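Letters are used for the chains, namely A, B, C and D, taken in the order the chains are written, and counting of residues starts over at 1 for each.
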Amino acid sequence: MKSRMENKREDLVHLYQVMLTIRRFEERVVIDYRSGAIPGIVHSYIGQEAVATGVCTNLRLDDRIVSNHRGHGHCIAKGADLNRMMAEIYGRKTGYCKGKGGSMHIADFSIGMLGANGIVAAGLPIAAGAALAAQLEGGDRVVVLFFGDGATNEGEFHEVLNLASIWKLPLIFACENNLYSVNTPVQYATGLEHVSERATGGYGIPGVIVDGNDVVAVYEATKKTVAEVRAGGGPVFLEFMTYRWRGHFEAPGIPDLRPAEELEAWKGKCPIAGLERILLENGIVSRQTLEEINVQVMQRIENAVSYAVESPFPAPEDALEGVFSS
Amino acid sequence: MKSRMENKREDLVHLYQVMLTIRRFEERVVIDYRSGAIPGIVHSYIGQEAVATGVCTNLRLDDRIVSNHRGHGHCIAKGADLNRMMAEIYGRKTGYCKGKGGSMHIADFSIGMLGANGIVAAGLPIAAGAALAAQLEGGDRVVVLFFGDGATNEGEFHEVLNLASIWKLPLIFACENNLYSVNTPVQYATGLEHVSERATGGYGIPGVIVDGNDVVAVYEATKKTVAEVRAGGGPVFLEFMTYRWRGHFEAPGIPDLRPAEELEAWKGKCPIAGLERILLENGIVSRQTLEEINVQVMQRIENAVSYAVESPFPAPEDALEGVFSS
Amino acid sequence: MRKISYEQAASEALLEEFRRDEKTIHLSTDVPPDLRKEFGEARIRQTPISESSFVGAAIGLAGSGFRPVVNIRMATFGFVAMDQFVNQAAKITYMFGGQARFPIVYRMTVGASKSFAAQHSISPYSMYMNVPGLKIILPATPYDIKGLMKTAIRDNNPVICFEHMALEAMEGEVPEDEYTIPFGQAVIRREGTDVTVVALAKMVHEALAIAEEMKLEGISLEVIDPCTLIPLDRETIKASVAKTGRLVVVDEACITCGAAAEFTALVVEEEQIFRRLKSSPKRVCGLDIPIPYSPPMEQYALPSREKIKAAVREAMT
Amino acid sequence: MRKISYEQAASEALLEEFRRDEKTIHLSTDVPPDLRKEFGEARIRQTPISESSFVGAAIGLAGSGFRPVVNIRMATFGFVAMDQFVNQAAKITYMFGGQARFPIVYRMTVGASKSFAAQHSISPYSMYMNVPGLKIILPATPYDIKGLMKTAIRDNNPVICFEHMALEAMEGEVPEDEYTIPFGQAVIRREGTDVTVVALAKMVHEALAIAEEMKLEGISLEVIDPCTLIPLDRETIKASVAKTGRLVVVDEACITCGAAAEFTALVVEEEQIFRRLKSSPKRVCGLDIPIPYSPPMEQYALPSREKIKAAVREAMT
């Protein structure tokens, strides 16, 4: 991890806080899922926190993001309310989607989070539309699109690279290349080590490969990119190399076939531990401050769980409402 | 047009014959469509004859091709029976598809013509499957896939580039870049001049740009490619630059918005006239021989039309047969 | 009143609504020249042939405050974008708990009759009716397409407008004055007392022609055009059957699991109406075959006047 | 007899058929380990996440003499490949005049019950039933999935096998000896005299449980499982209703234009049977909403035992 002293103390601490919030949130979701308190399926973001954090920290409230099935981290980093997120995951009426969406479908349009998506690559066209909206509005909003390496195999990925390129959309492709889609290695599925080649190759969209476990690197690369895109430079493809620590999802059924050593090696590159080292080694914060942050974060997660647990389930008949907007 | 004296006389004459057959066939189809004798819609191949001809002349009977909506030329070049083609276009019982398919759906599985397709890019996955079959069979068959520049914008195009590349399929992408999809210029739709960049870029599939109006160039480029693919070299992308002389299809409705001068310029590059010049200037054949070929070709077209016209229409109830195979 | 074609009426609706609301955006592979001329390239966008991308982009536009109108052309082309219809556009309002509105109009051409063969001829509305979250209109006249299209553009939900290919050139009376037609109101195209004929799209006109002919046989047909398939005006249909005691549904779509099955079921499953039925309901629909190319077979695949009349006569016995 | 799970029974069918015919090929994003071990990488292919490409590749394989089996997993994922199902696989046999055969099996998981929410829960069989050219099976027991799957693999047409997510772990008797089950034969799961209950997939088991309960109320249910949706065994259904005079269709899919509408229509439109109906037919189906995530709402979206019983009682009055 790069030690960039030019980053302000508050910025670094903020990155640390956000990453830790995601980590603790996800740890808690896993525990509560295993205990049976959370239904459905959840895809854990643990290990990839630096990406959502480093990217979204560069965004304004009126910028928009579109997410995928592994979306909790993106939500948190964009500033979503932990209570309403947890309530949604718990299937409660007070959740972001009134309990209708669950883990894979959290959205908060009021902060520009246009939704997670359960269909691989299906969020991409939607993001293109949001970016077209930004362009038509004439301001300098940008749209960030989060997706995995696996999504680059779906046809929609290419259709959207094309639209973004020919219309010069203010769209940032934020690909989290965690080396696998479920158990399929990216090299098998794409024949490539870096899927950003697909953007540079046929579409002339600039691609940048970034260490996705180095939050400062993610932050810096995105900062530069966001400035370019805001200035009307057209789409950019950021490929973040990272790794998920847990199986594809928290549910029995599909075994985790990735090599154990590989996982261990990546755990050694923990984005949070990495930033912690920088903060401590450079004397930016004390260990005690980190402890305090941890306590605060744990408290917020605890509050979120309490909020969720104390919230009522929707009434069965609530299911009938909201198929159409008025 | 290159004058390649290394090509054997018979080969050149054969290429001439095939191109002329396509041209005369298509001219007749247009006339009969306008007179009302042919129903539905037909997409004329006039102007692009060199591509189908130069490509298919390199194929064996057991090689397979998959075609698109503009498929008559591919059929003829692969050796389809003109009578059964014309009968199909006329909607007769004796047609290739018993009158069920029509112009856009001619197939002849017995000669490895796996069918035209009315949905842009939908033939591509089918061709990938045929190529996988060839690979599993273990022989040295190849599959050639014809499609237009417009098809490169559909997601399926990319999905198939990917499959072909990671599985090293014996698949030849034969793209007819006629500069437009309906009235949309390829440069607008793709941001590219040469769509083969999409194959070389993200998929590492070698791309070759060929003058699609020079039948000898098409023939030579394909010859080399077929040999490579037969030898197990994996997929190759051939991009043939060409132009259609007529509107998108023979039907009222969509006007032809392409510049008149552009069309005239391309007519000046007529693939048939070009080869004719070579044949005559190099004394390979006499004008009289060409006349004779023309007469023969006209006779075959005439016969095909007679065959079609004299063939019965299917009985209405024939519609009920053949939804499923036994 | 002046007469204009179905196609012109649709164009007028677009022109008027695009003038009315500058948040409207048009996406299609073939640009409508009149719209382009008046509203420019930015709003009247030409798209590459990549339906998934622009069917989906409409969702992102709508969720960001725009009102896209997307012309897919043939309904057969819609299937390459099916996920964006079924899993995205239809579900996004509900799944996100109503946080945002998604006003979108998707236009698609349905039907057969022009020897376009199986990959350019289909009437798949029942497939979309099985997907909650999509409103569906099926206008049968120039007057209707104009009024319903305008309502569709103002609606805050994804609306699919299915347009029958054989109606494009059809002329009909369309007022010069502004009007809209509310969704969910069936139209009784002709009142009658003996048999309720529910007919869709082009079949509305067939049914009306037949009603004239059957008058001579002394049979009085009540012809109902649902106009909107979702939301569906069940009451008008039920009330008519309660009156006539007989039902014939005429639809060009394939019979199995088509809309005609739904109309039949919704009528018979109501005990009150069931008790009043004088004979078994009938469906006269497209055959369960892909649409064949050759004219004699294509015609055979679709409901013929003879078949409709036979069904009506059977209902009367 | 030994008992194995629904999932195991399906696996066995694949193993046996892959041994029997070396032209069989398996395509899926998740490789089934047992098949891979025995038949190797070439025949048991792992695919990238690009459903259109491999749903379509199966057509090309089949047209070249192979017998592909494609596992799509969730039926919601099938929509990204919809064109290959609707415009290609379904039409290609007919459109090309029967020049080639296209033996393909497509497997997809349907249903709800696990809080997977709207993008992972759907029962879209009626959408495919409206597309002529696809055979469709919907096995409800381990015995059935094994026998029907084997028949599907040997069939010379595209066959979609819809498998309910809640049945995967269900155990049932499956003989060790080889057997196949012919398509188009409904099974009378339980004979009865008062009400014919046609039930699909998981609802077969609900209907059987209810039949036990209702016996105590003195109501005798005849429970019919169509097993194959295309071709459909209309005769068994009609004969049963002709006998009982009452029909309740139970299906978890959304009600509008679902298979239940088709079953209702095919029964009532036959004059003979219509005359014998003692009460109006009823549908107990999934509500017209995307499947919600939270358990109380999800359960509410599906047919409950109480609703089914209420419909049966209503049919009896």
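As a working rule, a contact is a pair of C-beta atoms (placed from the backbone, for glycine too) under 8 Å apart; a residue touches a chain by one contact, two chains touch by 3 or more.
Given the structure is predicted, the values throughout are model-derived calculations rather than measurements.
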Open item on the list: Going by the touch criterion stated earlier, list every chain that contacts chain A and also contacts chain B.
Closed with: C, D
TODO: Average the CA atoms of each chain to get its centre, and name the chain whose centre is farthest from that of chain C.
DONE: A
Task: Distance between chain centroids, defined by C-alpha means - chain A, chain C (Å) - done: 41
Task: Whole-Å separation of chain centres (CA-atom averages), chain C against chain D - done: 29
Open item on the list: Between chain A and chain D, what distance separates the C-alpha centroids? Give it in angstrom.
Closed with: 37
Task: Per-residue multi-chain contacts in chain A, two or more chains - done: 97, 99-101, 105, 117-119, 122, 153-156, 159, 162, 166, 188-190, 323
Task: Multi-partner residues of chain C (each touching 2 or more other chains) - done: 48, 50, 52-53, 76, 79-80, 83, 87, 94-95, 117-119, 132-133, 287-290, 292
Open item on the list: Using the definition of touching given at the top, classify the network of chains in this structure as line, ring, star, complete or other.
Closed with: complete
- [ ] Please name which positions on chain C make contact with chain D in the complex.
- [x] 52, 76, 79-80, 82-83, 85-87, 90-91, 94-95, 117-119, 122, 124, 126-127, 129-133, 230, 232, 253-254, 256-262, 264-265, 268-271, 273-275, 277, 279-283, 287-290, 292, 314
Open item on the list: So in the complex, the part of chain A that touches chain D is made up of which residues?
Closed with: 39-41, 91-93, 97, 99-102, 104-105, 117-122, 150-151, 153-156, 181-184, 188-190, 254, 313-320, 323
- [ ] Under the touch definition given earlier, write down the residues of chain B that touch chain D in their complex.
- [x] 64, 66, 95-101, 105, 107-110, 114-115, 117-119, 122, 124-134, 136, 155-156, 159-160, 162-163, 166-167, 321-326
Open item on the list: Touching residues of chain C toward chain A in the complex: what are they?
Closed with: 25, 42-43, 45, 47-48, 50, 52-66, 68, 83-84, 87-88, 92-102, 132-133, 135, 156-157
Open item on the list: Could you list, by residue number, the parts of chain D that touch chain A in their complex?
Closed with: 29-30, 46, 48-53, 76-77, 79-80, 114-120, 287-290, 292-301
